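Take a look at the structures below.
Next come two complexes built around subunit A: one with subunit B, the other with subunit C.
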Partner chain A sequence: MASFNARITMPAEAKAGEIVEIRVLVRHPMDRGGQVDAEGRIVPRKILNRLTVTYAGEPVFRYDMHTGVSANPFVSFTTRAVETGDLTFEWREDGGATFTRTARLVVT
Partner chain B sequence: MSAAGRALAIALLALAGAASAGEIKPGSTFLSAPMQRQQEDEARNPGWLWVEQGEELFSRRDGASPTCVSCHTDPRQGLRGAAARYPQVDAASGKLINLEGRIEQCRVDRQKQPAFGYESQELLGLTAYVASLSKGVPLAVSAEGAAKPFYDTGKAFYERRQGQLNLACTQCHDGLVGQKLRGDTISYGIGTGYPAYRLEWNGLGSLHRRLRACSLGVRATQFDYGSDEYLALELFLAVRAKGLALEAPGLRR
Partner chain C sequence: MSSPISPACARPEPALSRREVMAAGAAGLALAALPSSVQAAAPPALAELIARVTEGAVPERSKITFDIPQLVENGNSVDVAILVESPMTEADHVRWIHVIAEKNPFPDVARFNLTPRSGRADIRATLRLATSQKVAVVAALSGGSYVMADADIVVTLSACIDGG
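Moving on, here comes the complex of A and B:
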């Protein structure tokens, strides 16, 4: 299966109080479940069901995903630059696996 | 056949004249403006996920064999424009080879590793990465010399009626460009965006996968990935698109 892979696009630095846009694209098949594969077996549901983002420890964004969300989902959101810190992105997959990425925002 | 039927047939024949070199446009011109913007936006075009995978594989070491980057030390410079010269005739074997074929050849002959297999995620990733290094470079594929017989084969394939629908590629991709086929707009059938992320596939796919979809569409024989038929056709399409900029990873419907 294709490996999980995330592309996070955001400015590396911002002025205090500035609104920054964060764009997130991930690689995931987002199997909604119920399809039949080449061997005739039913494919179980396996999607990323939640993305949570914290900024310097504070939750800033949460996105609950359902089976209607496309494969390799893209989402963008904005937050206000307050202090230099890490944005931590955590995806939760059906079955309990989690994937984490971090990106640093330097506030000047 | 009624008089009206004959008139329609004549009109269709007139439409099916070959498109001249200057007017051929890449597949992305037939996309909606938002999709064109998405293709050009590396943050939003999912094809770049595969490019990233390919970039990783390019410097990944498998056992004792050299990595891609051991030879191609500066791919951004050294491989810029490489993808624009494929398919080409391999000097050693005399066979027509496309970018996928060249990468596999490197892997098997030089790296002594098992082939990835056509349409595997790894090969798609590497192909997308190498193709992305030539983004914007005009296609410069040769139809001369050793490539001439392959070009002729590809041209004959393009012009030959085939399948239950008895259609030749040229009838739609020269004669009916810009018109609607089901929900989509007929393009010139140019492969400059491949490997491309197709919304229908929910993933990245090679030009041969796209050609297989075309063959299925006219209910003709679907040839294998990397088959001689599709390689020759790929060469013909590339020569036909000479001078058009590569735009892989493209975004298609």
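Moving on, here comes the complex of A and C:
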């Protein structure tokens, strides 16, 4: 997918020890497979099956998605601010494609 | 001619012929006279789906606040909020939260893997529901035990209608 569109909403900075909420919204059809498109063909399954989040290199959250996750999936989770660093969000799509985004959290 | 319900959303059982439906109808009349325990043994098996993720353990109903609308107008996108009471320390934290929708074509809907660094076990997400059903949330705690919560949801528009 050429235009992978992810919106990550989180505070830019936080106090050490504070729990920050991170909200992630992605544009993706999450084709569950089996639907019939306009030309009458069966659409194969193609979903984002995993979102892995690391914070300064340490894994902090992983979201395993199956066909029961909506199109344009939204997820929100929390993490404790420990050090200034990048949060890396990596999505894995059926077929092996991956998409990565980063967001920086400054800890004061 | 195609049905608006896509084949992938059908339950795995083979389709019934008209003759079988008639026979089942007659059998149903007979079945109605039986005690309800006989009918309760029928397919859904949410307990079985839960046992599969907990490796057989029966989770206790506690600690989870499961927020999901009771009446869902559109099963294509259902907002859920899950909060598990836990200090989220190294010694006592939630390892994962698993969502099961027993009547979805694939009942395992989502799993959220947490760590002590999560700070709170507080998740929101958007899911798909194929039909009105009981949705269960199972959380695995670091001590090896499991807790769960469930909710009965009425879905007016299934996520299995094409174009959704």
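Here, the second predicted complex is superposed on the first by the 106 of 108 C-alpha atoms of A that agree within 3 Å, B and C clash if a C-alpha of one lies under 4 Å from a C-alpha of the other, contacts with A are read in each partner's own complex, and residues count from 1 in each chain.
Definition applied: a residue touches a chain if its C-beta (ideal position, glycine included) is under 8 Å from a C-beta of that chain, and two chains touch if they have at least 3 such contacts.
Keep in mind that this is a model prediction, so the values were computed, not measured.
Trainee: Will subunit C clash with subunit B on subunit A after the two structures are superposed, or do they fit?
Mentor: Overlaying the two complexes on subunit A (C-alpha atoms) leaves subunit C and subunit B fitting together cleanly.
Trainee: Between subunit B and subunit C, whom does A:Y55 touch in the aligned arrangement: first, second, both, or neither?
Mentor: In the superposed model, A:Y55 contacts subunit C only, not subunit B.
Trainee: Check the residue A:T79 against both partner chains and state whether it touches subunit B (first), subunit C (second), both, or neither.
Mentor: Once the two structures are laid over each other on A, A:T79 reaches subunit C alone.
Trainee: Counting only touches as set out at the top, which of subunit B and subunit C does A:N5 meet: first, second, both, neither?
Mentor: Only subunit B; A:N5 stays clear of subunit C.
Trainee: By the touch definition at the top of the document, which applies to A:T98: first (subunit B), second (subunit C), both, or neither?
Mentor: neither
Trainee: Would you sort A:I19 into first (subunit B), second (subunit C), both or neither based on which partner it touches?
Mentor: Only subunit C; A:I19 stays clear of subunit B.
Trainee: Which holds for A:R32: it touches subunit B only (first), subunit C only (second), both, or neither?
Mentor: Touch partner of A:R32: subunit C, not subunit B.
Trainee: Looking at subunit A, does subunit C or subunit B touch more of its residues?
Mentor: On the superposition, C touches more of the residues of subunit A.
Trainee: Given the touch rule stated above, what does A:S70 touch, subunit B (first), subunit C (second), both, or neither?
Mentor: both
Trainee: So if I take every C-alpha atom in subunit B and every one in subunit C after superposing, what is the smallest distance between them in Å?
Mentor: Distance of closest C-alpha approach: 5 Å.
Trainee: Taking the two structures together, which residues of subunit A meet both subunit B and subunit C?
Mentor: 23, 70-72, 74
Trainee: Considering only the defined contacts, which subunit A positions touch subunit C in the complex?
Mentor: The touching residues are 19, 21, 23, 32-36, 40, 55, 58-80, 82.
Trainee: So in the complex, which bits of subunit B are touching subunit A?
Mentor: 42-44, 46, 48-49, 52-53, 121, 202-203
Trainee: For subunit C, which residues are in contact with subunit A within the complex?
Mentor: For this pair, the touching residues of subunit C are 2, 6-9, 76-78, 99, 101, 104-115, 117-120, 122-129, 159, 162-163.
Trainee: If you look only at subunit A, which of its residues touch subunit B in the complex?
Mentor: On the subunit A side, the touching residues are 2-3, 5, 7, 9, 23, 25-27, 29, 70-72, 74.
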